[in-house]
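Look at the two complexes coming up: chain A is in both, with chain B in one and chain C in the other.
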Partner chain A sequence: MNFSFIKESLRPSPLTRFLMVAGVIYGLWYLVYDYYLLPDGRLDEFLSLSGVNLAGGLLNLFGWEIYSDTRILAVTGTSGVEIQNGCNGLELIGLYMGFIIAYPGGPIQKRVAFLAGGIILLFFANVFRIMIFALSIYYVPTFWEQVHTYSSYFIFYPIVLTLWYLWTSISDQEIPLFLSGYSSTS
Partner chain B sequence: MVRPVQEEIITKLIVPYFENKLSTNNQVSISGVTVDEFLLIGPFKPVRIELPFNGWFWLTLGLFIPADSKRMIKILTLYHLALFFILLISIQIIAEGTFAWSVVLNIHEHVYKVLFLIIALLNLVRVLSRNPRKGS
Partner chain C sequence: MKNTITRLVLMALPLISFISAQPDFPSAPNQAPIGGLGLLAAAGGAMALKKFRDKKKK
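So, the complex of A and B:
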């Protein structure tokens, strides 16, 4: 008997397959990040220290008087901000990478270049975010909590979503076809 | 409007309930309570318990609305409603000593938000690709 129709009906749609791959990648990323990268600390330390150094240098360049010591960056006269491990954009970089790796289509060289470009862009976005933190403590200290909480939504996510969108355009996949097994409206 | 409600739920309901319940079990405790989240600490990687209808919900909803994805808005909302119960039951499971559940909960915390965000983006992309901007 030919059971190929069963096999066919059990085969996940391209969208389901993509979401499953993305889910596995994000799950693995969490395990690698929380059980290896974060305890190891070297990558986090590099991102935190270089982020603080660059942000301090740029603020200085634009005329603010700053105080910087390892992970602490302050506009002179304020307590400043300390960039701890886990707050330096590394998790966001993982979020960005997961989609680009999982999304089907697109030549490998382009994918690698897009990954590298995106990581660099997110690194500089984090430098900008650290500058905003230091300035917010100086100018609007009462809003520090809000600035800290919502900065990701205004700085990181628009960049990540735009890069994802660009990758779907660059990638060879035809989006309406890719989503064909999936109806969004009822 | 959402954050004050979340604060009330966290500080007046969930945290006191579990602090009371966990006081007899010195292995698991609650720490780092903020407006919409707290940490479950114990002999496992800390588990961040973020209340449903958090920033990710609104971010994702903000993409589903222009994409007119009514079905996904419904699924997202129901998922977040169900999360209230899933999280409460999960805390209970961990508090009773099934520490391996913390890994599952942590992975879920990282994965579900991103997958909803990706689905929302792809929906928006589909709408945008159906209605390309006309050049002059």
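So, the complex of A and C:
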């Protein structure tokens, strides 16, 4: 008997396959993060400390008088901002990577370049965000809640969505037909 | 069936960040966690959905 029609009907659509792969990657990422990276603390610490140092250095370079103590950055005279785990962009980087890895197509070299470039870009975007926080506490402390709540939407969303869109465009141009999940006769 | 699975996965994706949300930290100085990652994940899912649909139309 020919069971190919059963095999064909059980084959997930490209979207389902993408969502399943993305879900597995995110699940694994959170497991690795919660059970290894977070308790270990070194990656979080590196991202937080380097972010605070870079943001403080840049603010200092532009003429603001700042003080920083490990994870805390402040313009002198203010309480400042503390970059704890969960504030350093590691979770966002995991989300970004999940999409790029799960979306089918594109050569491996470009995928790796996109992952590396995106991670670096997100790191510097977070440095910029830390600078904005330190300055907002100094200049507009009453708007702290708004600045802190909506900064992600204005800083990270455009970057991540643009990178994802670019990656889908690049992948779609270079995707081999047999990987796309669609028949050439459709 | 496929559509049901797709919808379920699409709806569940943003919940990942809520499920594994980290506990609050002490109040001072100001903390600045990155919010709205569930929404970003949902936007990514919607973008992929549109791309796959466009590809299917071609």
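Assume the second predicted complex is superposed on the first by the 171 of 186 C-alpha atoms of A that agree within 3 Å, B and C clash if a C-alpha of one lies under 4 Å from a C-alpha of the other, contacts with A are read in each partner's own complex, and residues count from 1 in each chain.
Criterion: a contact is a pair of C-beta atoms (placed from the backbone, for glycine too) under 8 Å apart; a residue touches a chain by one contact, two chains touch by 3 or more.
Predicted model, so just to flag it, every value in this text is computed and none were measured.
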Tell me which partner A:S13 touches in the superposition: chain B (first), chain C (second), both or neither.
second
Output check: A:S79 vs chain B and chain C. Expected answer is one of first, second, both, neither. What do you get?
second
Would you check which partner chain A:Y26 touches, where first means chain B only, second means chain C only, and both and neither mean what they say?
both
Of the two partner chains, chain B (first) and chain C (second), which one does A:Y35 touch, if any: first, second, both, or neither?
first
Give one of first, second, both or neither to describe whether A:N53 is in contact with chain B, with chain C, with both, or with none.
neither
More chain A residues in contact - chain B or chain C:
C
In the overlay, answer first, second, both or neither for which of chain B and chain C A:Y153 touches.
both
Can you list the residues of chain A that touch chain B in one structure and chain C in the other?
15, 19, 22-23, 26-27, 30, 34, 95, 99, 149, 153, 157, 161, 164-165, 168, 186
In their shared complex, at which residues does chain A touch chain B?
15, 19, 22-23, 26-27, 29-31, 34-35, 95, 98-99, 149-150, 153, 157, 161, 164-165, 168, 175-176, 178-179, 183-186
Chain C residues touching chain A in their complex are 2, 5-6, 9-10, 12-13, 16-17, 20, 22, 25, 28-37, 40-41, 43-45, 47-49, 51-53, 55-56
In their complex, what parts of chain B are in touch with chain A?
45, 55, 59, 63, 67-72, 74, 106-107, 110-111, 114-115, 117-119, 121-126, 129-130
So, in the complex, the side of chain A touching chain C is made of residues 12-16, 18-20, 22-23, 26-27, 30, 33-34, 38, 72, 74, 79-87, 89, 91-92, 95, 99, 103, 126, 129-130, 133, 137, 144, 148-149, 151-153, 156-157, 160-161, 164-165, 168, 172, 180, 182, 186
